[in-house]
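Going in written order, the chains are labelled A, B, C and D, and every chain counts its residues from 1.
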Amino acid sequence: MSLEASTTPPSDGVVGQARGRVGARARRGSRASASIEILRDAAAGLRRNALMALAATSTIVVALAVAGGGMLVSANLVHLASMLEGQVEIVAFLRDGLSPTQRQQVLASISASPGVRSAVIVDRGLALRRLQRSLGTPSSMSDLLPSNPLPDSVEVRVTDAGRIRDAAAGIQKIAGVEEVIFGTPVVDRLVALTRAVRLAGGVIAALLAAAALLIIVNTIRLTVSARRQEIEIMTLVGATPGFIRGPFMLEGAFQGASAALVTSIVLGIGYAGLAGRVAASLPFLPLLPPEAILPAALGVVWILGIAVGIGGSAIGLRRYLRA
Amino acid sequence: MSLEASTTPPSDGVVGQARGRVGARARRGSRASASIEILRDAAAGLRRNALMALAATSTIVVALAVAGGGMLVSANLVHLASMLEGQVEIVAFLRDGLSPTQRQQVLASISASPGVRSAVIVDRGLALRRLQRSLGTPSSMSDLLPSNPLPDSVEVRVTDAGRIRDAAAGIQKIAGVEEVIFGTPVVDRLVALTRAVRLAGGVIAALLAAAALLIIVNTIRLTVSARRQEIEIMTLVGATPGFIRGPFMLEGAFQGASAALVTSIVLGIGYAGLAGRVAASLPFLPLLPPEAILPAALGVVWILGIAVGIGGSAIGLRRYLRA
Amino acid sequence: MIHFHGVGKRYPSGVVALQDVRLQIEPGEFVFLVGPTGSGKSTVLKLIQRIERPTMGRIIIDGTDLGRLPPAEVPHFRRRLGVVFQEFKLLPDRTVAENVAFALRVTGVDPLGIMPRARWALEVVGMVDRAADLPAKLSGGEQQKVALARAIVNRPPLVLADEPTGNLDPAAAWEIMQLLSSINMRGATVLVTTHNPTLVDILRRRVIALQAGRVVRDEPRGLYNAAI
Amino acid sequence: MIHFHGVGKRYPSGVVALQDVRLQIEPGEFVFLVGPTGSGKSTVLKLIQRIERPTMGRIIIDGTDLGRLPPAEVPHFRRRLGVVFQEFKLLPDRTVAENVAFALRVTGVDPLGIMPRARWALEVVGMVDRAADLPAKLSGGEQQKVALARAIVNRPPLVLADEPTGNLDPAAAWEIMQLLSSINMRGATVLVTTHNPTLVDILRRRVIALQAGRVVRDEPRGLYNAAI
């Protein structure tokens, strides 16, 4: 059991017998193999602390799912708001007795007017039928009306519901337009509502993302703190903070990534299923199609998961790596 | 430093010199002082692990806030759905030329008809003014209509929008009713929508509560696992699982309660503020008043927080307390 | 007090720590358990505490057959033992006084009597002036003394001490041995593992020697090494 | 190699662990640090490792003034030391081999060379057949040997061993001392704290004795106790 009796130590040419100042030399070494080492270390760390890692990862999954779900809800709210705003319209009643050519001219002028997105002519016969339909088609009513009292009109959709007044004022000035109406109170409500919905959507998404962030960072901090003894011993045998951080941050990244993967599957399948069912049973409720919204939402989930996994480990380690 | 040289041990009459089987005796002892001990222990445990307790508690706050917020959103969705349904109505046009007494009789019959919640008479003059208003009051139109073509009608609100067809059929049979209309497609949509909203509200609340549950249990499990050494030593010196569990569960309960307190303050102030702002800027959007919804939502937050704090500790300890 | 009937212990990893160990220690005895590193001394103590369970044979402590002890009774059983662990096993985030008091508190004694008794135990080992410190602030030997104070604080009928002087200077080690002797003289059974030949050879108590998991020597007034 | 210039250490709790310690240990020396429990031996070793910092005086190790060592250099400095901690400080969830290898890996040596060197160190202390076990599965003495293997694996120019034989039987303790001697003969400076008078008295190396934080004796070929 003495040095002499045993095999001589393998010499690797890096750490020799006569040692000078080690500092500078130690920082060399093969980069590639070092990163393989770090990967192996991270994997081993996860294996050793399997139960803790499982608890942490499932917590991260939940946090990411809540944030991702919030993003989907918020995107759909915003989408709904723009759909609603798209339905805001100005009706321009035309003077009686315009010739078809004149009507087309008026239509062209209106279409070119500032703030107008689209404009279509509704002739008086169609307008009456619509009115009857919207009143519930009491068959008796068509009898009651001796003649069609409605004028021809142009229905105008605007680019920005909030600036509908300007658009209406512009249309009013066009020759051949008798009168312009736009349900002021309704439009005001709608504008206020869609603004609120947009705001709420943003706030919900931001709050839930912040919640996920905090939960993930705290969770990883707890797992790191459970391993503080390990960290202390590492520093005692000369591991640099970077060397200690490496595997921990990789573990964090890996946990974040696996959580993002699970979350993606759950949210993806869940949203696709939901969108399908809504399309079938609530066709008038315009959910964003999965392919339009999932890539962005899941992208955020992945970035959040991985970045916070890494950042959380770094933050969790800070306390224990002070010199 | 020998026993003889030192003071004699204080005798407390419980643990004497000649000791028999200890088992039975040890389970006695003052209950009241024991629970004070447990309280002190729990407080000390929290103090010693202050940073970990802080991380855990803030995570619980977030989880509870998300769940509580989800409940508020869900309750408002359900409220909105019933408001919408409450606006579904049947219009019964009355025969021309009914006397005021006859009209009152018809109204009474309609009110008594099954499925009817309320009924009001709308006379033809009011109906016309309303129609004009909803068309945007083109001043020219009142000129265009030579006479009022609309009949008197009764507007009926139903108890259950889903069974509007039966209600309408019943009203149709009443003498003096000329025709009954109810916008079938609109009502169908509305019923489908409110049903979806109710479902979504329930699902959101349940999912978020489940998420909070999982996060809290996992968080507490992580804090317990960070103290497994402490638990092991306790079992080695003869602490019963119950004795070890006591302070941990109290700590859990305390963390849950403090988290619930913070969450209550945040959600309470936040929701009251939001409801106030919505009432001011979106008066047509009927948010539930804070006093109607906060007590229930915050009650759930407290129950969730405390119950899961205790349960989480118990679950977290299970692994370490196996004999 | 302690009966080992053909006890064997094979750890799950495959290491056979004890083989066919037969022991009979009467109440009131003072016994040294000696043997080289890894010979199974700590395993014997762990079996007595039911931290580990034998893979062969039976163990009866003070009339209790450990193989039949229901798990719920284990804590109550352990309170009858006072143990100095080889690695001390002090609660790292409780003060010295709380560590010692803890062994009393688990027994459910009158809370008012706890602190005076803890102080008494700390006085006995000479650590009373460090009562308010955390274990991490003590030297190795000081921690060992605190571990001993915890072991004796509830005056257990059986004291197990695993290498209780490994971190103590000869004078302190001698005092601790005197202390264990006086506890023994008051009626407690004492089982001490040690690597310290001087102490064993001076005290001339019963010596049980283990070697590779077997009892190779059991002498009433033995020496650390076999008399050739 | 080691210079203490009027070093004092007062812990934040108020305990004065060292007072006006003056030491000069030359490269290649083998020194025993002795003294009663709590006299400050471990504190001296902690100061050398820069785990603790002196509250008075200056410490220069191998030309490095520890008071001026920037925090970022501390890990690199520590790699020049091989340390056996009094409480072993093995990573609890890594195998014996990984524990020893870890001290090499932090230095950034060629990964391929690590495991053979770790095996070599374990062979030297006689623990190579337990390479795959976790520390918790070893006896106290076995853990101590592993801690020693880790301390010598990267052939440090300065070895600090805090009570490295406290959990070993006399034969194993003697072998470990022989091992430290042979490391010393190959050029390393060795500083060993111990409570084992036999070892000190047989080896007759330089002995520095502490008492209540002061150096009370420093003899080139000393005994454990002062010659009266």
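Criterion: a contact is a pair of C-beta atoms (placed from the backbone, for glycine too) under 8 Å apart; a residue touches a chain by one contact, two chains touch by 3 or more.
These numbers were taken from a predicted model, which means no experiment stands behind them.
Peer 1: Average the CA atoms of each chain to get its centre, and name the chain whose centre is farthest from that of chain D.
Peer 2: Of all chains, B has its centre farthest from that of chain D.
Peer 1: Quick one: report the Å distance separating chain A from chain D, using the average Cα coordinate of each chain.
Peer 2: Centres of chain A and chain D (C-alpha means) sit 57 Å apart.
Peer 1: Please report how many Å separate the Cα centroid of chain A from that of chain B, as a whole number.
Peer 2: 26
Peer 1: I'd like to verify one number: the distance from the centre of chain A to the centre of chain C, where each centre is the average of its C-alpha atoms, in whole angstrom.
Peer 2: Computed value for the inter-centroid distance: 62 Å.
Peer 1: What topology does the chain contact graph adopt: line, ring, star, complete, or other?
Peer 2: Chain contacts: single closed ring, each chain with exactly two partners.
Peer 1: Which chains are in touch, pair by pair?
Peer 2: Every pair of chains in contact is listed here: A-B, A-D, B-C, C-D.
Peer 1: Within the complex, which stretch of chain B touches chain C?
Peer 2: Chain B residues touching chain C: 1-4, 6-10, 12-15, 17-19, 21-23, 26-30, 33-34, 36-37, 44, 48-49, 229-230, 232-241, 243, 323.
Peer 1: Residue numbers of chain A touching chain B in their complex, please.
Peer 2: 51-52, 55-56, 58-59, 62-63, 65-66, 69, 91, 93, 131, 135-141, 144-146, 149-151, 178-179, 181-183, 189, 192-193, 196, 207-208, 211, 214-215, 218-219, 221-223, 225-226, 278, 281-282, 284-285, 319
Peer 1: Using the touch definition up top, name the residues of chain D that touch chain A in the complex.
Peer 2: Within the complex, chain D touches chain A at residues 49, 51, 71-81, 83, 85, 89-94, 102-113, 116-117, 120-121, 123-126, 150, 154-157, 175-176, 178-179, 182-183, 186-187.
Peer 1: Considering the complex alone, what residue numbers of chain D touch chain C?
Peer 2: Chain D residues touching chain C: 11, 13, 15, 34-38, 41-42, 86-87, 133, 137-142, 145, 162-163, 166-173, 195, 197-198, 224.
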